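Below: one structure in structure tokens.
Letters A, B, C and D name the chains as they come in the text, with residue numbers starting at 1 for each one.
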């Protein structure tokens, strides 16, 4: 917190990683476990100071895997839990993330992306983990992944990550990038109550009564009982029945897997967050997210000033991919240009989403530096036949 | 080896996991490190007996990560190295797999898929790791992934995995499944020399001279020098130059990433392995791989017997996805039905590959049991409008 | 009648079979003959109490055939007559139904469908008699068959069945199903006069004058004279002339058969009853009827809530098949999915009705249980390529 | 038998009904039960003399229903059984036919069609029962229905009816018409062995052992044990398990219904019988069956003599409808004209079978007289724009 003495204590000037911290605390974070890794380290560092002061627990664990397991255990006891990492650590956490998916344990995992693959460029920016955030663990399931391009939105999507995590009883990934994490920008801290919070849905089943940890209510939600509390029940990564006991029954397996997928995929409209700029009459539509959306917006605003019909669809929800929104917003576009810092991971999704995928082009950069509005402009010229 | 005393010692009756072992030995496997996990355990078990007898090394490591790291180190010293695992272990290995990609270290990783996500159904079959095998580690790169549906092909693709691994200096994934791994079937053991082997391309640079481990030859291949041998050089997961030394130079990063991707993607025709059955006049084309291709073939053969124009394209190369072959073979098909045991991972690739993706349907099962020819037939009926 | 003492005697909570009874009485039913068969038995049971109190006649006959013959005879004497049965009884009645067609005798036959064929599942639901209701008797003719999916509509179509029966001098089939018959639901009993009633068209020909029972008026209707009353005339199942006397004259046979068919087929627009839900912008149109339309509507409403462009065309008139309405309402649909509890009987008619029949799919269930909104959703997923 | 004294006792001159009798005896008929009805009466009449002489049983029953039930019972004891009727009797038999379908009891039902509906024209010809032969009983199942246009084929399809009945353990309908039944024509009686016969598949299960009457073998066939013999088992029209015991289990119901349908529908290529005349280069293709195919062939032969490119596809298998054959044979036809004696029942199936159904026209007659080659020629002229 850099503005302790400012008149309006709600106006802050922070790094994105610090914004994430403030938002997690706003959402009611009670437990953080992590292992330092650039460019996400400031999240743990800041929480090591802030969380204990607010009655929460901070633990630096021995490694990335232990960090992920710790927040799973903590969450089961009834608190909101988070970890933060970057690419290599995110890869190491995949097995335990799959466990949280299967056991339906709410938690938030922040991945501040650097340039990959492997150790890559620890201090460089990248958006190469988009597909991994969806497909990194084994088996076929669903995932909620959010991102943002500015600090006010970083705050909002971080709170939303906790809300969705509790609503759908599932791990939620916050997929930021190095530029967002380390960039300093203004944040107006929302007042308590300004953003609604979703709290843990506790079971109404009384002590001594049979609690079914995996029996959905009519609305699809599964009330929880704090583990170690008044109810005894089983938690497992195996396919399980409504009591949590392992089963190999094909029907139960089919139903459970569809439950895990459908609770998220069928709510994709509700989970979808996005901003749109100048789309109504746009002949060319840029689609972007995270730090690259900043460059895209810069270009759109400057070209609109000279009358070019350019628009921007900025995605905040990456998974479940908001295909219906993309299709609808791009219906009349002649060119659709996906701006991202990888080899075209979201571009492939956009191609699947729209009619006539030959309209979809990729404007990308993946050398550790932020894609600029000039990079995008150059690519636009080539697309329109104007050459390099 | 069940037929030691048979007249024809080349005719064997084995589990798929044992076939994989025989093929790895045929290909010249020198080192295996692994940690037991169902349904891949027989691979390590068998190698613990066979490999030492042939002068190779077998180590059971303390965990999945150590196993992956051990084969990377062993491979660097000049031997052909392999590990074997299943879903949870495959997730744990992702970080080190990315390292092998970045440091361009040949090795073979077998994933005998079980039903996921998470612990899932350890003894059930699944094909849920197809996307993970491509996207499981962080960053954007490329990957070679092979599979097979019968033991003769298991043998062939296992040898091919070692060959491609050496040719492209890259980890190669063998993505089998529980049914293939545990099913017993006839294998005619190829004679030595019958399948050509690709051996490690050793550098011709002499001792005392500067060896560039990351300087491609004109044909794109990078000769290796056994680590710990006559040359000193650097190996790292960071972006690096031709000496292996870390760099943050954007041009070098750009070139290296394109090298890692292009060496594989631009050879996709050469890497593509597939079988085709009755495709010439097929009105409906099934596309499948692994155990599910057996059920698909069963259906195709039985429906052909009654005159139905049904064909099968069986993929053995899953990544790089053989889009050109799929597009060409499906050009005249009215229905394209992807048969797989997940929620449609290859089906999505097929949709991207073909014109008119509305022709593409999914026939799938993911409850731990093998999809049957009857399951496929039922889905075909629904697709053709005939309902359940 | 469960609400005899309620303040508003018009608000009832009844089984569908009871609703049918109330509607028949509202329409002026004077005679019922039947033989008990699940799941239609409550109709006769209720009428055995109610009909005599209102001056009508109830007879339990010795079998299904006798029941059908009894209502034919009763109707000829000038009263509105009905019978009720289920599949096996409906099969037994076919010969006499054909007689009523040929002799142009108004009557209403209720078939509360159970799961067939044969004895099948007497307490299970089915919609397997749709084609039989059109084609069950020998020879080529036409048939009016109505159904409904909720109790207010059960009431309305039952009254309409009597009206159409009198208007066209023909037997009319009410083709309900077990779920509709046994489900309890609210009914607001219409007041007398709220639904217009069509009464028997009596001849204006005076006693002692030649009455032509089969001489159509200019509007195509054939006035009747109560059999056993002031006129003597012949009634036969043979081809006959305007007096009812048998003939083998080809022209007379040709004219009579065309009269029997055309009086119904050429009025198909007028006879067509249907409901539509969200069709205007529907990308996928469900077509359903009876109990399965309830599940279809459930799905449509829930998917509309999340923005999916799904609509429902609910048919109440099954025969003559409202092909023109189906064609027009489905003109812009990408997918047309017929939801029914058989192997696709109405689906075949829809295929014939629309342009591009490859758009027509079947969502069905025929195992004795009601098709659910989830069943339909799963089939929609397969149709759209999303697999199981 | 009209040619007792002829030199070649194999050359006969018979009514079609008598040919049917000879063929049934050739096939090994052991039991006939029936009730006289024009125009099928000669079948029973002839068998009342011939059958007892050959050691078989003839019973004239009290009515149509009893006749159908009697052959079901007889067949269960192990003999080949048949009944014969016409429209009104066929309607009355529908309920018991459904029982034979459900209980999988081989038997043959002959319907010599007269002009319908109802009593119609007992001595007139008609083909109005085509749809009823498929859909006359309640519930959704499958049916085998054969017909023929000349006496040599009447003989062959009658034997085939018994063969298919035994092969598929199902009732088979022979759908002749009055002209075929009463017309006299030459028949060369095949020698014993000339047409292969399918005999009852008896169970190999020994006395005292559990016999499963509804457990299919690997080839789909269900061996039978003579009822009243060494095994005790249950026979029912209810949904049943492999022992024949009633069940309401949805999976069992689903499997049984699919078994009943698939055993026939999936063998439709094998069941399909047809003749083709001059189809190779036909611009106009007539499709017909039964007596009307005689007129169609007459026209085709006479128009070919003057060079008109007219062909005929004569169907002998009406159900399962040979859609694939119709589609393939009509692929290059400009006009497809279905010639039948009803309002277009097979014409509707042809429209569903072919691409571009606008090519399909109907040439029909339904006044009790045989359609003539002149009737067809007149309709052809109108179709081609030449007017009446």
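List of remarks:
Following the convention adopted for this analysis, a contact is a pair of C-beta atoms (placed from the backbone, for glycine too) under 8 Å apart; a residue touches a chain by one contact, two chains touch by 3 or more.
Everything numeric in this text was worked out from a predicted model, so none of it was measured.
Interface repeat of C-D: among B-D, A-C or A-B, the matching pair is A-B, sharing over half of the residue-numbered contact pairs. Taking the CA centroid of chain B as reference, the farthest chain centroid is that of C. Here the CA centre of chain A is 66 Å from the CA centre of chain D. The distance from the centre of chain B to the centre of chain D, with each centre set as the mean of the Cα atoms, comes to 55 Å. Each chain gets a centre from the mean of its Cα atoms; for chain B and chain C, those two points are 60 Å apart.
Measuring from the averaged C-alpha position of chain A to that of chain B gives a distance of 30 Å.
Among the residues of chain D, those in touch with two or more other chains are 254. Taken pairwise by the contact criterion, the protein chains fit none of the simple patterns, being neither a path, a ring, a star nor fully connected. Chain pairs that touch one another, listed by label: A-B, A-C, B-C, B-D, C-D.
On chain A, the positions that touch chain B within their shared complex are 65, 87-88, 90-92, 94-95, 98-99, 101-103, 113, 115-124, 126, 128-129, 131-132, 134-141, 236-239, 248, 250-251, 253-254, 257, 260-261, 342-343, 345, 348, 351-352, 357, 366-369. Against chain C, in their complex, chain A makes its touches with residues 254, 266-267, 269-270, 324.
The residues of chain B lying in touch with chain D in their complex are 306-307, 388. Contacts from chain C toward chain B in the complex involve residues 343-344, 347, 351, 357-358, 360-366, 375, 379, 382-383, 385-388.
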